[in-house]
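As written, the chains take the letters A, B and C, and residue 1 is the first residue of each chain.
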Amino acid sequence: MKRSVPVLIVFLVGVLVLATYFIESPGLKQVGSMLNNWGVIITAFAVGLACVNIIRIHAAHIANQRTGWINSAVLLITMFLFIIVGIYSRNNPSNEGAAELFSNLFNYAYSPFSATMYAMIAFYVASASYRAFRMRSVEATLLLAAAILVMLGNAPIAEQLWNQFPVIGSWLLTVINTTGQRGIAIGVAIGGFATSLRILLGFDRGHLGIGD
Amino acid sequence: MWLERLQNIDRRVIYVVLFVALLIPMLKPIGIPLTVNPTTQQVYDLIESLDPETDIVMIGMDYSAAGSADVHPQAVAVAKHLANRGIKSIMVAFVEDGPMLAERVLKSLGDRVVYGEDIVNLGYLAGGESAVKKFIEQPATTFTRDHRGTPVANLPIMKNIKDINDITLIMDFQTGAPGYQEYLRQLPPGGPLYGVGIVTVSVPNVMPYLNSGQFAGLLPGLRGGAEYEVLLGEPGEGLARMDAQSLGHLVIIAFIVVGNVAYFASQRKEKKAKG
Amino acid sequence: MIQGTYFVLGTFIVLGVITIGMLLATRSGKVTPKIRRIPALDSIEEAVGRATEMGRPVHFSPGYGEITTSTAPQTFASLDVLGYVVALTARYNTQLIVTCKSPQSFPMIQELVRESYSAAGKPDMFQEDTVRFISEAQFAWAAGVLGIFNREKVAANIMVGYFMAESLLFAEGGAQVGAIQVAGTGNLAQTAFFVAACDYTLIGEELYAGGAYLSQDTSKVGNLAGQDIVKLLTIAFIILGTILATAGSTWLVELSKM
């Protein structure tokens, strides 16, 4: 019962939403739209539940003065600051001060921090490729050569050295890369289809827990 | 010993050298010439072919603040092009950061556009692919207010939009999900053209879609934005960062070459020692 | 019926019949497909064993963890692997840390881990911070996970699921703390980063083979065999289309637009 009812719900909802793709019916469209909206609402509640988990874990860190509890305090303060300012400014659009504060929090705190984390990828690419791209075998050499040629194809300075670098880089991307990507993408799509069908039809119940 | 060291350079050294290589051209631009790729030209020509009297463009602001360094220059350049040509556009976001980044784009347009008549920032719609599906099915009624709180019914630009076929082109700037796959699944056959501005790392992934014609155009990462600025004749952030990108690439290649030269030299040395 | 969907529906039915048919045939014993060796999945036990020897935790990430988007199959595939990892950590008494990005899947993952530990006879191993929700914002999540790597000094890092730009941050961050790393994702752009920075990588649909390979569950093995038959049909379709297109015929293209 504990697992049969969720499986039945998944099946019915899945079939209904799938049907909206194939069958032209205003009633069905309305049902599909309603289910879509319910999904959005459930997500919102899930966010709330996740926030509770964050608060419980980090409040415990602060209460027990565990190593790094200052970080937990900063996290909770920042979280509540964004939540309060965001909700207030959204519900009071005429309050320019609140709107400006939220805008500043986004532009001068959240945005630079996010961009910094993203920028770290550039440095990690450098260290990872230095470590990984060694000509230990024929395949590794091909990988290395392709990587260097594509990088040179993208860098304007390389064009000044030899104007064929962009042509070669583009050929590698549009011919060699595309064929490989297509093959793997088809395989991944088929795998996703089979997994989804298995879950929809109730053959896979592992995510519902163990036991009846 | 040197060969061993060159094969195991401390990653902090790599980071410092790369940081310096990126910083110098940002402070003192070199001005390396940039040629325009056919993919960027294709997007430019597509927007040049639009009719300001009848065509409306939807600008998908689906990139995050993190990836904005890569994609924001593209969005600004395309928005400027649309504004210069007098083509009306609506900005929609299915990513939380989208509306704030749309405001940044609007700020860069300055007096070229009249908000509400030429362009509007409708805001963010939560729900991922469900939200994309909902907007495509009901573009006129999905949003009741724009991001600034103005009722949509009071916005002149929205009076021309009854269904998705009133939109000629969707130019979607994205860093992740929802992205091109969600749009392609939801757009009706014979509906608006779909063009994409995407982060550099995803370009190899999306080439099959460009080759098959599912994309009407593709702007590839920071370089795409820089090339668009060249076509527009308005240098901006994209071009300013290309020098840094060039030097960054060269530094990475240099370290790879050094590592491999040291590796081969040490292999030769070992073979000689063995006789 | 909506115009332009006949071919899609027909394909859906045919492919569905094949995959589920193989699943049922394998379950009933009519066929016994075999899965080839997948080194990345074999290495998971090695990774957990290494963490046990070093007395340091194992980290598991199911990636974006979304269960309502098109990446949901990758999340469910990662949960199969997670169940196996929980069983291993229970057997070896090794600490496990599971970090989540998605608030939707967080309760499901929490319950899965709790029940897996109970089933292994080690309910006390499940603590409140065994499964941690970090953040729904991509790079806040990345920063949180990197912080865990450095503070908790994880010895094994298993990343299976849908990943995006943070993949290299995790892989390189794990390499910096000396963790043995096993990774797999269906996002092709990130597979390259995993290959460069991790010790073992699942490529493409090997991710979906995880559950079948590790559990040898007949339903999953049969489903996997069905996928392979569908792939063969797809290859035949591509060859046929290439021949027809070369001969100047658009018949197959028109059929696919029906």
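General observations
Methods note: a contact is a pair of C-beta atoms (placed from the backbone, for glycine too) under 8 Å apart; a residue touches a chain by one contact, two chains touch by 3 or more.
All figures in this text were calculated on a predicted structure; none of them were measured in a lab.
Both chain A and chain B are touched by C.
Measuring from the average of all protein CA coordinates, the nearest chain centre is that of A. Ranked by the number of C-beta pairs in contact, the top chain pair here is A-C.
Chain C has its Cα centroid 15 Å from the Cα centroid of chain A.
Here the CA centre of chain B is 29 Å from the CA centre of chain C.
Residues of chain A in contact with two or more other chains: 39, 43, 114, 117-118, 125, 127, 129, 131, 133, 181, 185.
For chain B, residues touching at least two other chains, in rising order: 11, 64, 66-67, 130, 204-205.
Multi-chain contact residues of chain C (touching two or more other chains) are listed as 68, 70, 137-139, 165, 188.
Remark: chain A residues 21-24, 39, 42-43, 46-50, 53-54, 56-57, 60, 67-68, 71, 113-114, 117-118, 120-121, 124-125, 127-129, 131-133, 181, 184-188, 190-199, 201, 203-204, 206-207, 209-211 touch chain C in the complex. Those residues of chain C that touch chain B in the shared complex are 3-4, 64, 66, 68-71, 137-139, 164-165, 176, 187-189, 257. If you check the complex, the residues on chain C that touch chain A are 1-2, 5, 8-9, 15-16, 19-20, 23, 68, 70, 72-74, 76-77, 79-80, 83, 100, 102-104, 106-108, 111-112, 115-116, 118-119, 128-129, 132-133, 135-140, 142-143, 147, 151, 165, 168-169, 171-173, 175, 186, 188, 191, 193, 195-197, 203-205, 207-208, 211, 219-220, 223-224, 226-227, 230-231, 234. If you check the complex, the residues on chain B that touch chain A are 9, 11, 14-15, 18-19, 22, 32-35, 37, 64-69, 97, 100, 103-104, 126-127, 130-131, 133-134, 137, 148-149, 200, 203-205, 207-208, 211, 223, 242-243, 245-253, 255-256, 259-260, 263-264. Those residues of chain B that touch chain C in the shared complex are 11, 64, 66-67, 96, 128-130, 175-178, 181-182, 185, 189, 199, 201-202, 204-205.
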